[in-house]
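Right, I'll just put the structure down here and ask away after.
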Amino acid sequence: MLRPFALHRPATVAEASEILAQQGRDAALYAGGTELLLILKEGLLRVKSLVDIKRLPGLAGIRADNGHLLIGAAATHRAVEHAPEVHARCPLIARVARHVANVRVRSVGTVGGNLAFADPHSDLATAFLLFDATVRLAARAGERELALGDFVVGPYETSRRDEEILTSVRLTPWPAGTTGAYVKYGLHERPTLGVAVALTVAGGAVRGARIAVGCVGPRPQRLAGAEARLGGWSLADVERRAGEVGAEAAAAVDAVDDLHGSAEYKRDMTRVFVRRALLVAAARSAGREGHERHPHTVVV
Amino acid sequence: MSAIPIRSSSSVRCIVNGRPVALEVRPEALLLDVLRDRLQLKGARRSCDMQVCGACTVLVDGAPVSACTYLAVEVDGREVTTVEGLADGDRLHPLQEAFIDHGAVQCGFCTAGMLLTAKALLAEDPSPTPERVAEYLRGSLCRCTGYRKILDAILACATPKAAAR
Amino acid sequence: MRVERDLDVAAPPERLWAALWDVPRMVACLPGCAEAREVEPQKRYEAHMSQRVGPISLSVPMQVTIADVVSPHSLALEAKGRDGSLGASVAMSVRLAVAPRDGGSRLRVEAEGKILGKLGALGHGVIQRRAEELIDEFGLRLKRAVEG
Amino acid sequence: MTGRPGGFRIVGQSVRRTDALEKVTGRARYLSDMELPGMAHARLLRSPYAHARLLHVDVRAAREVPGVHAVLAASDLTFCDPFYGPALRDRPLLASEVVRYEGEPVVAVAAVDEATAAEALDLVEVEYEELPAVTTLEEALAPGAPRVHTAEPLAGHFSDLSSLRAKPGTNICHQFDYTRGDVATALAGAHLVLEETYRFPRIQHYSMEPHGALAQWDDEGGLTVWAATQNPFSVRSELAKMFALNASRIRIAVPLLGGGFGGKTYAKLEPLAAALARVTRRPVRLLASVEDAFRTVRRCSARVRLTLAFHRDGRIAALACEADFDIGAYADIAPRVIQKATYTTTGPYRVGHVKLHSNAVYTNTTPGGAFRGFGVPQLVWGVESMMDVAADRLGRDPVDLRRQNLLAHGEEFAPGDTPVDGKLEESLGRLAEAIQWSAAAAPGRAKGIAAMMKASVAPSVSEAIVRLHADGSANVLVSTVEMGQGARTVMAQIAAEVLALPLDRVRVVPPDTSITPYDQTSSSSRSTTMVGRAVQEAAQDVVDQLRKIAADMLGEPAARLTVLDGAVVSGAQRLAYPDLLDHHFGMRGGELIGRGVVAPGRTKTALGGSTPFWEVAMGGAEITLDEETGAIAIESYASVSDVGRCINPQQCAAQDEGAVMQGLGHTLFEEMVYEGGQLLNADLAGYRVPRAGDVPPRLETLFVENGDGAGPFGAKGVGEGGLIPVSPAVGNALARLTGVRMRELPMTPERVWRALRARTRPTTNP
């Protein structure tokens, strides 16, 4: 059961921002609604208006943009899963999208909604961090672009201002010779942990490594120390010593206790799954697909 | 698209189970309540009320959605399929037949959602592997059957791989 | 949730104690707390607490009661209130203890609290971390107030 | 008896469920689908505190909201007995003076729609004074612990619980004791004595359909309640007491249930719906949400201390059990759960010396009640784990050790109690074969088994009426509730078999206490046995009447006549039923009414009644383990149930597949988590029930069918048993794989991970 509200369907971003500016916390942005309608039903949020932005022109688009991949905020997970542009430029993201929540949430839930809600137990933000994602925020006064890491500031907390609208996320495809993997693990509806890794290999050695860990703490994070450790390693080194990187990641990660597990457990799972994800990425880099199957684990 | 907010009721025109329907609905009306209380289509059911269990699954333009967490105004101009629209007159949909034959129905509370989810899966992937079926049903819970017979029934409706190629 | 903190303050224990006993001022050091006022001297107080967790705003008129005083060493207070629109009840008990240390003093904060209702269950995991941040900020503000 | 010699026509066949068509087409109707003209919608305000004094409840503003028909607090319940409960009338409809668990209803409102009701509840002001709460057994049993209840409640309406033994001054609301032989002496002389403690968590039924009730009073002061209940007659007697009405003035009608699993036994929301309907003078529907269901009833958690002693040759020398069951804030049926389950702690084994004690302990949590297995899973988890520990210590094979100790067919469970009605060895043998026990497990894999034997409710009564109409079709009137288990189909099969009619000529009427005859409850795996036998008798009664009419027409002795394909036959002569009725009544009209009553009555056994049958199930699991995460994967599971005979093999398999998966839930994932008295996971985001992806790659259900059950055609009950061996089978497999013995459920990855890290010595298992 939902309490009454007015539904605004502005024609432009400026118009939407105007409504938000006028109504402040009495209005909420509405795209897919998979998160918003839940907290409205539970009475945790009460608003006078919803501002429907999914019909704003261009907001649901997915396109290449000057070598980047631009995903409109109102694009659904399902659209991301199937978009040829995503498959061509950031195929890992298409695979991640295919495993978000369940098929119904994927049909309706949007990329922008997911990022803006900033649920700490989410897949997308973690995976996006691997593509140096930036988000574009638009308001009447103009636009600004922020690194995703600066946008998501805590659990359910972003740096979006009330009158701003997240319009798109920009991903930078990986350089040639890069392979990646996303591994998520958990018993519950939302993951306990998500690990995204990518290895850029040239001349038989790792020239760049990206590691992001999500769900275990207040927000997803890139782990620069663990990434740095991989520099210059051969694939054989990675296969042999991935555990060291896992341990480094575990030491660096910010983990909290919740129903998904204790901080201690999540920290150790970070160790385990960073290693496992690296092994998958390394195997892919060597042209091998296929990995060991583990319970409650999804590897993409 | 309009700059005027919808404050009270607005008119929604859609196709429900192949028939055109016109309704006035309030912006906060949930699709599940409109289907059940206004259109007397009771096959979609409320259980978890948070998009986890799948008992309220209906198809909107062929895609499964949780009607419990979906605004009714969204179906304007779209096509909605509920379990009541699966059979062709008295002729059951093959999935319905298979669910009966395989004993995939017990209390029946999840059945409508299971059938519609399976229909969406087979439309997307006519020859899914057993793993793919189980994965697709991640958000479709059943507390009676233990799923074995549901999985069997769905797989029985899949096009054999060879034929699909 | 439960938070314990030790905080060194560059001020003599008497000054720290006096600052604690200025309850409205002390309570106002807690981020989100405002309009603290005395209802019954050294016994009952009122304050308004607002917190935000993402889109969810909590707004609670709190009743603060002094539960125990061992002057000039420790002070225990209890605070409770309810956000009617969220259906969330907040209950906290806080114990503040002052001890001399290296010419200054040490403040020990032991806070225990819960948020009842849907928000409490939903925010489990988030709330502990938030509480830690709040107590840390409280300590800093109090320290600044006393030292400054 | 009937049918073709040497076989059955319909019994034993996997006929299509009679309700399948309506369920796949969306036409099936459940309580939440029912609406009546002028119906009001009810909602409840629940306590956020686990334990608090209610200082003040102000509903005035709520009453002023337009569209609100009634707002009730405890003080308004002057027109009825405001307490209810099947074992103890300790549960108030609405909390009065004190709230005893988080989620206890405090105020009820009925309004024109749910939104209005919710708006009204927002305006209710309640002032609480928090009291110290006890949410664990340790807290509740500590000396000087805060008391959940301080007054003695009125006795409930069950004779076997008429002498509830509370422990004054404590939170113990009932104790059960049973002794046989001399345990102390047996322990002193035993070769091996094991003492261990096992824990079982709080589990939510999670029926897909939460609880619900729709109540309406008529102009003559009669009450009708449409209820999602498993036992309408218990609900009726509860309401009769509450409103001081004759049973004949109350009608409880039951639509299809979206699952029950024990959670819908005994009155739940019906009393509140009836009270609201009384005040508003209109029909009132009260539907629980999932969160409400978590605050309505759950499985009793338990801490079980077991002493199990063996002779050198492997025979069990003695068993002692000290079990504490956490029954939550109100007794519900938990006193019966604890005594019934504890009495059968020895399960399928021959044990001469037994000393059992259990406590039902109040805590400030959701009340515990019946749940598939009725207390037995909590005990079998410990006993069957310890059978494996013993096998290890004795250097014996776990299957072998169990086989040595199994009760024999026909052997009394306890002196004077029901003899074992199945062949336990056969079940064990079938299980060992199904999981290839004698073959070594592949590397990284291990197998484990467990067995159980469970009593059904006793004393017990089921009655049936079969009406054969003038056109030769029949109605079966029974009060068995169809909640997914397929009972309606099975009853139709039994009646059709006896009446020699095609299945589609027989229709089973939905339960309605004003129409369908008495049945104690649709639970305890009893319906096929008890109601099935009553249906068989009632149908046979009709057949006997038909034969008598035919005998009169043919001038032959009735004993020489048989029924076949809707007719009474004698040699080449064939008299169709419509013709017989026509002859009998002298017109096309009238009907033959057959009656069946199954009522074994009271006995002198410990609980006042002997189980009408023994439910026997054994399970075997083969697992792998992700050693780094602690996650267990079930690679293969085999379940064997001794059902005497499958009336509908497909439905028997469906029951056991479902039971195994539900068992996997509490084995691996499920647990209601409390913190500071607050339930943290009252929804599916935090409470994890099994999904399709959790089905073991190989899941096999087997049935032992010797036609030796107490039910119709030698059948007996199934449905609970399959769930019970799952936890110990998995725990035993884990111990064999890793040497780590888990003693607390669920075996979540984190819990196993911790146990693996604490492991000090490697496995000594073979």
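As written, the chains take the letters A, B, C and D, and residue 1 is the first residue of each chain.
In this section, a residue touches a chain if its C-beta (ideal position, glycine included) is under 8 Å from a C-beta of that chain, and two chains touch if they have at least 3 such contacts.
Keep in mind it's a predicted model, so treat the numbers as computed, not measured.
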#### Entry: Label of the chain whose CA centroid is most distant from the centroid of chain D
C
### Query
Once you find the CA centre of chain A and the CA centre of chain D, what distance in Å lies between them?
44
### Task
Compute the distance, rounded to whole Å, between the mean C-alpha positions of chain B and chain C.
50
### Query
When the centre of a chain is set as the mean of its C-alpha atoms, what distance in Å lies between chain C and chain D?
49
### Task
Return the distance between the CA-based centres of chain A and chain C, expressed in whole Å.
36
### Query
In chain C, which residues are in touch with two or more of the other chains?
85, 87, 124
### Query
Out of chain A, which residues touch more than one other chain, so two or more?
1, 3-4, 43, 189, 259
### Shared-contact residues (touching 2 or more other chains) in chain B
49-50, 52, 138, 140
### Task
Identify every two-chain combination in which the chains touch.
A-B, A-C, A-D, B-D, C-D
### Message
For a test of understanding, state which residues of chain C touch chain A in their complex under the given definition.
### Response
53-57, 85-87, 118-119, 122, 124-126, 128-129
### Summary
chain C partner, complex, touching residues on chain D are 48-49, 102, 122, 130, 675-676, 678-682, 686
### Task
Note which residues of chain B are touching chain D in the complex, please.
36, 41-50, 52-53, 55, 82-84, 86-87, 92, 96, 99-101, 103, 105-112, 115, 133-135, 137-138, 140-151
#### Entry: chain A partner contacts - residues on chain D that touch it in the complex
114-115, 118-119, 626, 628-629, 631-633, 669, 673, 680-681, 684-686, 688, 748-750, 753-754
### Query
For chain B, which residues are in contact with chain A within the complex?
1-3, 5-7, 26-30, 33, 49-52, 54, 57, 60, 63-66, 69-71, 73, 117, 120-121, 136, 138-140
